[in-house]
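Let me begin by presenting the structure, written as structure tokens, before commenting on it.
Labels run A, B, C and D following the written order; every chain starts at residue 1.
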Amino acid sequence: MLEKLSTPERLLAFSDGMFSVIITIMVLDLKVPHTAEPAALIEQWPEFLAYGLSYLQAGIYWVNHHALFKPAEKVDDRVLWLNLLMLFALSLMPFATAYLAETGAKPFPTAVYAIIMLLPALAFDRLHRAILRVNTGDEEIGRGALLKGVVAIGLYLTAAGTAFWSPLAALLLVFGVSVMYFAPIRYY
Amino acid sequence: MLEKLSTPERLLAFSDGMFSVIITIMVLDLKVPHTAEPAALIEQWPEFLAYGLSYLQAGIYWVNHHALFKPAEKVDDRVLWLNLLMLFALSLMPFATAYLAETGAKPFPTAVYAIIMLLPALAFDRLHRAILRVNTGDEEIGRGALLKGVVAIGLYLTAAGTAFWSPLAALLLVFGVSVMYFAPIRYY
Amino acid sequence: MLEKLSTPERLLAFSDGMFSVIITIMVLDLKVPHTAEPAALIEQWPEFLAYGLSYLQAGIYWVNHHALFKPAEKVDDRVLWLNLLMLFALSLMPFATAYLAETGAKPFPTAVYAIIMLLPALAFDRLHRAILRVNTGDEEIGRGALLKGVVAIGLYLTAAGTAFWSPLAALLLVFGVSVMYFAPIRYY
Amino acid sequence: MLEKLSTPERLLAFSDGMFSVIITIMVLDLKVPHTAEPAALIEQWPEFLAYGLSYLQAGIYWVNHHALFKPAEKVDDRVLWLNLLMLFALSLMPFATAYLAETGAKPFPTAVYAIIMLLPALAFDRLHRAILRVNTGDEEIGRGALLKGVVAIGLYLTAAGTAFWSPLAALLLVFGVSVMYFAPIRYY
């Protein structure tokens, strides 16, 4: 029998695997100094800062993915594909982080970083709506969370533009999204 | 007591782990430009395209693996080994992708890419039959999905041959398999 | 409905993914000798020793994470974030290990190693208290385990200081924490 | 309350994560040729052969781990630690494989490869006995499987010695263990 809907167990197991590998792969870009001089380690601070910021972004996506699927009982193929799309966007995060650190937060790479942070937010918005449709038949229930997502998208876009004027301000805007998401969210 | 059959939980957990690491390992091949010049990033487009195409292929395998095991209640040793064989074939995908990107989609590497995409399809076909045998005792039920798999195998083979004439056409054929698999499939 | 509490399944799946990738990523730093001479392999003993010590530390954290969450039925957002914080600290372990091995256990890198081993212990302490609060409403129950954690923190700090006098003694102190944690712990 | 026994769910999730990362990390050692010449790819056959052989070994360990834990309902701390020990031994497999491929299967690296394949077999034997003790209170039930394990250990040891005389014969002996383990095993 063709079951069009399935339970989310495997989607979650696969997503958790993706999240954990995406995050830890970023650690590989923390290059080890070849000397024991403290200065050699200290001058790597931009790499550590970039890693910390990206870990925070990925952590926020995970916590929100967790909150989004907590009450979900059913997923359809649309949800599977949108989830894959969101994970694809997230999988570019290690690249964006290494690019930011390697070039020392110059304007263009910082803008690319903000754009790549924006991509999973766009996919997350579609995913959220698809899950609402399958599980409640009503897209309006999660309006607060959807709105918050739109604000995040706006902040990322603003950060991308700001990067050409001040990379530091752009990164602070990206960090601002994290702060905004510390509070728990009502998805349904 | 020797139980010849077991439930698929662990097979799925292991497979999801393999899928997620195989996919994310491909990200490591996206080299970071050493300068902040936009041109340096833009000239890397073949790497990003290769990654995108391979992510799509791996995603399709995951969605189909998900659909294949959704109604499966029992697995035997044959299924365990065929699943391992399919994952082995999939694990060559990061190599094939990096090879394609590194050589700039020349004929021979493109043919190798198509062949390596073909290998998991061959294993998937055997796996599909083995699961039908254990769970339904009837290989004919999933005829539509089996047929689709055979078409995919044919497309990959055609792509491998086409690569020597036009690598671009070959990659479009590989992409064509993805398009064909967007529609959901009835495995039982 | 906003459920403020959730079951720990996904937190555990994600954590297990993080643990396994963090540990195995350290293997990537075991460089392969380019010649078949036994001497070339033997002179790599500091790398293997560093890997062994770090594997032991990570293993201890996993076993304790396992013990901590065994009786936990509920997690709140605070637990999610503290768990993410602990995994962040753990994710720096491959860096610390490679740094230790690369510089040949000089004083400063050894102190950095001890400090990085200390960070997850600090987060673990907060995580432990947060879990007690959610699941029992009483932080005093796990007093023995909390005390053990404080002793571990003290040992790591002592190791960090000792490193400037004797890196070997510092690494023995870090190893001492492992020995102390071999015995099972009562978290509730 | 201190529960000395726990269910194996998390041990299995963590182990599956470790297995999948250990296996896929080996793919990273398949270096990509820089030219599109078929010859450049073909001369890499030892790397592919080494990867294939190691994948087979890891696959056998996974299938046997699966069979060993299938009827296990309880695990104690001893099982947790022995499982970690076995995974530690397995985690050296990518190193051994790269070492074998890099040096072109010279005698010493081939002997090291056989020894590293032997280590998880030794840990697996202890793990098997520990699981029998917790779940059945009787170590004699799994005598057939234990004996098979001892034969495997003997074959690996013989392979290590044979390597100094003929690396090819040694690798065939390692392959022989795989063949022996294709048949399903009765662990209880």
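Everything below uses one rule, namely that a contact is a pair of C-beta atoms (placed from the backbone, for glycine too) under 8 Å apart; a residue touches a chain by one contact, two chains touch by 3 or more.
Please read all numbers here as calculations on a predicted model, not as lab measurements.
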item	value
Classification of the chain A:chain B interface as same or different, half of numbers criterion	different
Farthest chain relative to chain B (centres taken as mean CA coordinates)	C
Separation of chain A from chain C, taking each centre as the mean of its C-alpha atoms, in whole Å	25
Chain centre separation (chain B, chain C; CA means) in Å	36
Residues of chain A engaged with two or more neighbouring chains	13, 17, 20-21, 25, 28
Complex contacts: residues of chain C adjacent to chain D	12-13, 16-17, 19-21, 23-25, 27-28, 30, 32-38, 41, 52, 55, 59, 62-63, 66, 69-71, 182, 184, 186, 188
Of all residues in chain C, those that touch chain A in their complex	1-4, 6, 10-11, 13-14, 17-18, 20-22, 25, 28, 77, 80-81, 84, 88, 91-92, 94-95, 98-99, 102-104, 106-109, 112
